[in-house]
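Below are two complexes that have chain A in common, paired first with chain B and then with chain C.
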Partner chain A sequence: MSEAPIVSIKNLSKYFGRFAALENVSLDIQAGEIFALLGPSGCGKSTLLRIISGFETPSEGELLLDGEDLIPLKPNKRPINMVFQSYAVFPHMSVEDNVAYGLKMEAVASKDIKQRVAESLAQVHLTDFSHRKPHQLSGGQRQRVALARVLVKKPRLLLLDEPLSALDAKLRDAMRLELVKLQEAVGITFVIVTHDQSEAMAMADRIAVLSEGKLRQVATPAELYQRPVDAFVADFVGTIHAFDVVSVSISESDINKPLTITTNELGELVCPPSIAADSIFIDQGVSQLAGQSVLAVRPEHIELHLEAPHNNAAINQSSHGRAQLMGRLGDIAFQGQHSIVEVMLDGRDSLTAIVSNTVAQTLHQSGHGSPIWASWSTANMLLLPNHALPA
Partner chain B sequence: MAMDKVKRHRNKRKPFEYSRKWSLRSVFLMATVFLYVPIVVLILFSFNNSRRGGNVIWKGFTTKYYDKAFHNEDLMLAFGNTLTIAVIATIVSVILGTFTAILLWRFRFPLKPLFEGLVSLPIVIPEICMGVSLALFFTKMGWLGNTSDVWPFNLVNIIIAHITFCFPFAAMVIRTRLQSFNREMEEAALDLGATEFQVFKDILLPHLKPGLVAGALLSFTLSLDDFIVTFFTSGPNTVTFPVKIYSMVRFSVTPEINAASTVLILLTLVLTFFALRVQRNSDVVE
Partner chain C sequence: MDSYKQKPLAFLSFGIPSIAWLLLFFMLPLAIIFMYSFGENVSVVEVKTTWTLDNYARIFQPEIMTLLWRTLWIALLATVICIVVGLPVALVIATAAPWAKAWLLLLIMLPFWTNLLIRTYSLLNILGTRGRLNEFLGWLWHKANDFLVFIGAGDLGLLGTKFVAFKFLGTPGGVVLGIVYVSLPFAILPIYSSLERMDTSYLEASMDLGAGQLQTFFRILVPLALPGILTAFLITFIPALGQFLTPELLGRGQVDMVANVIQRQFKGANDWPFGSALSLMLLYITFILLALRAFADAARSRRESRAL
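The block that comes next holds the complex of A and B.
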C-alpha cells in the first residue's frame, strides 16, 4: 500500500445544477487491486465511474492516472476501458468483430488483431462462438464478449458498472469467482461499481462506501464489517440492530478504561473501549455522544434462550458483560446452513438472530409468541456515530 | 356432461375473433375485395384486345398495348421523369431526414418544439395548399423547369417540391428507429477509442438501417405517385407519369394506360420486396 497509487482522486465534486452528485471525494486506488464503489442507488458511485471513464467532467477536483491528469482527455483517448451495465455489445457485429473493434480503432496491424482477439476470446472461453452474432448468445456469454472486448485493449484500468446485476442468481455467483480469477490472471486494476454489498465483499480487495455523494469509508471488506465508521456503513454492509445511546461515561484521562453506556432498552452496559468507532474519539466530544450515536449488534452475535440466562436478574437487566432483552418468538426463516429467528419486542422493531438449525428446531417446538431471551456479549457490540441512518 | 361443458367453453367466441364470426368475416372479405379487385381488373384489362375507348368489355387477349406503351415516347419520357424525380427526392429526403431526426433526438436548443412542429407540418397540410404555394413561390423566383436545361436540372422545381413533402416522413420514421438506440452502445464505442464520426458510421448507421430503408421506401412511393403537388409545379415540358396518365385518361381509357400502370405496380412490388428483405435481416440482429 506504500506504492504510488494508480488512480488518485483529490477533492472531486460534481454538481448537476444545485444538486451535488459528488462532494469532495478523495481516494486512491492501488495498482492491481479490485476496488469496489459501493452504495445505494443515487449515491454518486456511477457518476464517479463516469468521471473516471471520461463521460462526465468533474466540477472541481483532480483525477490522476499514474500521476498524469486525466480530466482534459476525451473518453476515447484514455487508457481506461469500461464494461457497461447493459454490456453494450454491438448487435450487428459478430463476436470476433466486437472484440476486434477497439484494436481497429487503435490501428493495430490486422494480423496482430487476429491473434490478440483469439487470445482474448480464449481467456473468456468463447473461442467456439467467435462467428456468432450477439443475439445468438446468452446473457452470460454476452457479458464475456463485453469483457473480452475491453481486455483485448490491455487497459491500465478496467471499470465495471454493475457487472453482475443482469445475470441470474446462480450465474452471478459463478461469475464473481471468475471475474476475480480473470483479474488475477491479467493483473489489470479493476474498479467495480455495485449496490450489492455481498458482491463487493466477495470480490473486492478494498471497498469505498458512498452515500449521498459523500465518501463514508474506504477499507478492506473485513475492516468495513468489523470496524465501520458509522451506523450507515454498518447497516449497509450487513444487518445491525441499533439502540439509541442515552448517555456515555468515558474516562477522559485513560482511553483504555471500560465505557459505561446507557440505552433505554438495554439499561446500563459496561463495554470494552474497543467497541467504539475511531471517529467517535476523533470527531466527537464525549458530551456529543448522547443522542447522536447508537449501540449496535449484528444478528450473528445474538444468542437465544428459552429461559432467562440470569435467573435472579430482572428482565432486560444486563450484567456480566452481556446485554439481555426479553421478547416473544416471531417467524423462523430456514436459510439452508442456518436459520434466521425473529424476536418480537414491545415498542420497537423486532430483532433477528442467526442460529443453527438445531436451535431453530427447539425454538419452533415452543411455539410462535412464546417468551424468549436474546443475549449477547457487550464486546461484540459497536458504538457508532449516527449522522444519518437510512430510513 | 363434462365433455359438453368443455366443448361449450371452447366454442365461446372472443369479440374480435374475426376468423370465427361471420359478420367480421364479411367485413374482412369486403375490405379485401374493394382493395384488390380494382387492381386485379386493371392488370387483367391491360391484356384486353379492345381497340378504343371504355376498355370495359373483354375482347380477347393481347400484349400489344405493352408494346405500344413502351413505344409511346411522351409516356416513356414522363415515366423517366417520374423515376428521376423519385430517386433524387428519395436520396435527398433520407439524408435530410436522418440529420433532422438526429438533431431532434440528440440535441436541445431554443424553440425546439416549434421546429419539431414545422418539420411535421407538411405531413398534415393539405396537398392542394402546398401545390399552390409552391407554384407561386417558383413563379416568383423564376425557377420554372426549362426544357433547355440539362437533365435532371429541368426537373429541379418538381424535385424540390417532392423533397418538401417526403423528408418529414423520412425524418419521422428514422426518429422512431432512433428511440430504440441504446446510448451505452455509443459510449462503448467511444470508450474503445472510436471518434464521434466512427461511432456514427460503425454503430449508429447500422442501427438505423431498417429506418433508412423504410424512410426511403416511403419517400419513393410518395414521390412516385404524387399528382397534386406535381400538377402545380410541372411545366408543359416536364410532365410526370401520374400527370401524363391523367391527361391520357381525359382523352380516353385505353389498355395502354392499364399496361403502363401495371408496369408501375410491378416496379413498386419489386422494390417493396427488397426493402422488406433488408428490414427482416436487420430485425434478426436485434
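The block that comes next holds the complex of A and C.
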C-alpha cells in the first residue's frame, strides 16, 4: 500500500440537479489489483465508473490517474477502457472487426492490428469465432468479445460494469474464476462494479462499499466481513442478526477492559472490547452508543441445543461470555455441505443458524415448533454503529 | 388467435367489407388501367383493348426516356437531400430532453395539418424572383457588400455590381427544393425512430475505444441506423417519383415529371392507353424497389437465423 496509487479519487461529488448521486467520495486504487465497487442498486456505482471513464463530469472533487488530472480529458483520450453492462459489442461488425476497432482508432499499423487481434482472441478462447457476427454468439461469448476488445488496447485501467450480471448462474461462477485468472495474466488493474457481495468477495483484492452515494468502507474481503465499520456494511456483506443496544458500560480509563452491554433480548452481556468497531471509539462517544448501535451475531457462530445449556433455562438468560436465546424450531433448509435452521422467536424476526447436517438431522426429528436454544460466544459478536456515520 | 379459421362465417363477415373495398376501389380501377394500357383509341371517347404493345413501346421514345431520366434524378436528388438533412435533425430530436422531444416532433408534424396545395402556393410566394427567399438573399448581399466597403474592398466588385435574384421557379432546382420540403418529415420520422431505439452504449463504447465524434457517427451510428435510413429512402423516393403538384406549380410547366405527362395524356392529349402504360410503369418501378427491400430483409433475417 505504500506505492503511489494508480487512481486517486479525492472528495468527489456528483449531483444530478439537487440529487447527490455521489457525495464526498475519497479512495485510492492500487496498481495491479482487482478493486470492487459494491453497493445496492442506485447507490452510485455506475456513476463513479462513468466519471472515471469520462462519460460524466464530477460536480466537485479530484480524479487523478498516475498522479495526473483526468477530468479535462475526453473519454477517447483516456488510457482507460470499459466493459459495458450490456457489452455493447457492435452488431454490424464481425468479432474480429470489433476487436480491431480500438486499434484502428489508435492508427496502429494494420499488420500489427492483425497480430494483436489474434493474440487477444486467443486469450479469451475465441480464435475459432473471429468471423462470426455478434448475433451468432452466446451471451458468454459476447462478453469475451467485449473483454478482448478492451484488453487488446492494453489500457492502464479496465472498468467492468456488472460484468457477470447478464450471464446465467453456472456460467457466472466459471467466469468469476476466469476473469481473475485473466487479470493475473495481463496484469491490468481492474475496477469491477457489482451489487453481488459474493461476487465481490470472491474476485476482489479490495472492496469499496457504497450506499446512497456515500463511501462506507474500503477493505479486503476478510476485513470487510470480520471488521465491518457499521451495521449496514455488516448486513450487506453477509447475514447478521442485530440486537439494539440499550446501555453500555465502558471503562474510559482502560479500553482493554471487558464491556458490559445490555440489550432487551439478551440481557446483560460481558464482551471483550475487541468486538467493537473501530469507529465506535474514534467517532462516537460512549454516551452515544445506547440507542445508536447494535450488537450483532452471524449465523455461522450460533450453536443450537435441544436442552438448555444453562440450568435456569426457561428464561432468556445469558451467562458470562455466552449469549443465549430460547425459541421454537422453524424451517430447516438443506444446503449441501451444511444446513440453515430457522429459530422462531416471540416478538422479533427469527434467527437463522448454520449447522452441520448431522445436527440438522437430530433437530429435524424433534419436530417443527419444538423448543430450542440458541447460544453463541460473545467474543464472536460485533458492536456496530446502527446508521450512517456523520460525514 | 387462429381460432377464426374454425369459424369461417365470422371471419368472412369481418373480412368481406374490406375485401370488397379493395376490389371495388383499388383492384378494379387498376384492372381497367391495365386493360387500357393494351388498348387503342378507336374514337375520341372510346378505347378498345387490342392487346397491342405499342403503348409500352412508346415509352422508349427519346423524349419519354428523357422525361423518365429527369423524374428519376430529381426524385433521387430530393431523397438524398432529405436523408442528409433529416439524419442530423432526427439525431437532435432523439437526443433531446423528453419534454423538448415532444415539441420538436410536433413541429415536424405540424405541416401535415395544412393542405398540401396551400403549402405549395406559399412556397411560390417564398421562392419567387421577388419572393421572401430572394429578398433575404438580397439583404445578405447588401450587408456583405457594406462589409466589403467597410474593410476597403468595396470597389473590387467581389460580389458583382448588383444583386441578381435567383431563379427557383421553373427550374429543376426549385422542384427539388419543393419535393424536399414536402417529403422531409417522412424522411425524418423513420430515421428518428431507429435512432430513438438505439442503445447509446454502442456510441459510448466507440468513444471509449478511442473514436472521435465523427468516426463514431460514420462507423457506428449510421450503420446501426441503416434500416431506418433505408425506410426513409423508400418512403421519400417512391412518392417523389410520382410527384405531380410540386413540378406542376413550382416547375411552371418547364420541369415536367412523369406524373405531369400522365395527367396530360388523360386530359389534353386524350391518349388514355399511353397514360395507362406510363402509370403502370411507375407502379412496376415501385414494385421492383419494394421487392428489392424485401429481398434485402429476407437475406438479413436468414443470416441472423443461421446463428450458431
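The working rule: the second predicted complex is superposed on the first by the 384 of 391 C-alpha atoms of A that agree within 3 Å, B and C clash if a C-alpha of one lies under 4 Å from a C-alpha of the other, contacts with A are read in each partner's own complex, and residues count from 1 in each chain.
What we mean here is this: contacts are C-beta pairs under 8 Å (C-beta built on N, C-alpha and C of every residue); 3 or more make two chains touch, one makes a residue touch a chain.
Please read all numbers here as calculations on a predicted model, not as lab measurements.
Clashing of chain B with chain C is the outcome of superposition onto chain A.
Of the two partner chains placed by the overlay, chain B and chain C both lie in contact with A:Met82. By the touch criterion stated above, A:Arg149 is placed in contact with chain B and with chain C alike. Overlap of the chain B and chain C interfaces on chain A comprises residues 53, 55, 74-76, 81-82, 84-86, 88, 90-92, 101-102, 105-106, 133, 135, 149-150, 153.
Those residues of chain A that touch chain B in the shared complex are 53, 55, 74-77, 80-82, 84-86, 88, 90-92, 101-102, 105-106, 133, 135, 146, 149-150, 153. Note for the complex: chain B touches chain A at residues 182, 184-185, 187-195, 198, 202-203, 206-207, 282, 284-286. On chain C, the positions that touch chain A within their shared complex are 199, 201-202, 204-212, 215, 219-220, 223-224, 226, 303-304, 306-308. Within the complex, the chain A residues that touch chain C are 53, 55, 74-76, 81-82, 84-86, 88, 90-92, 101-102, 105-106, 133, 135-138, 149-150, 153.
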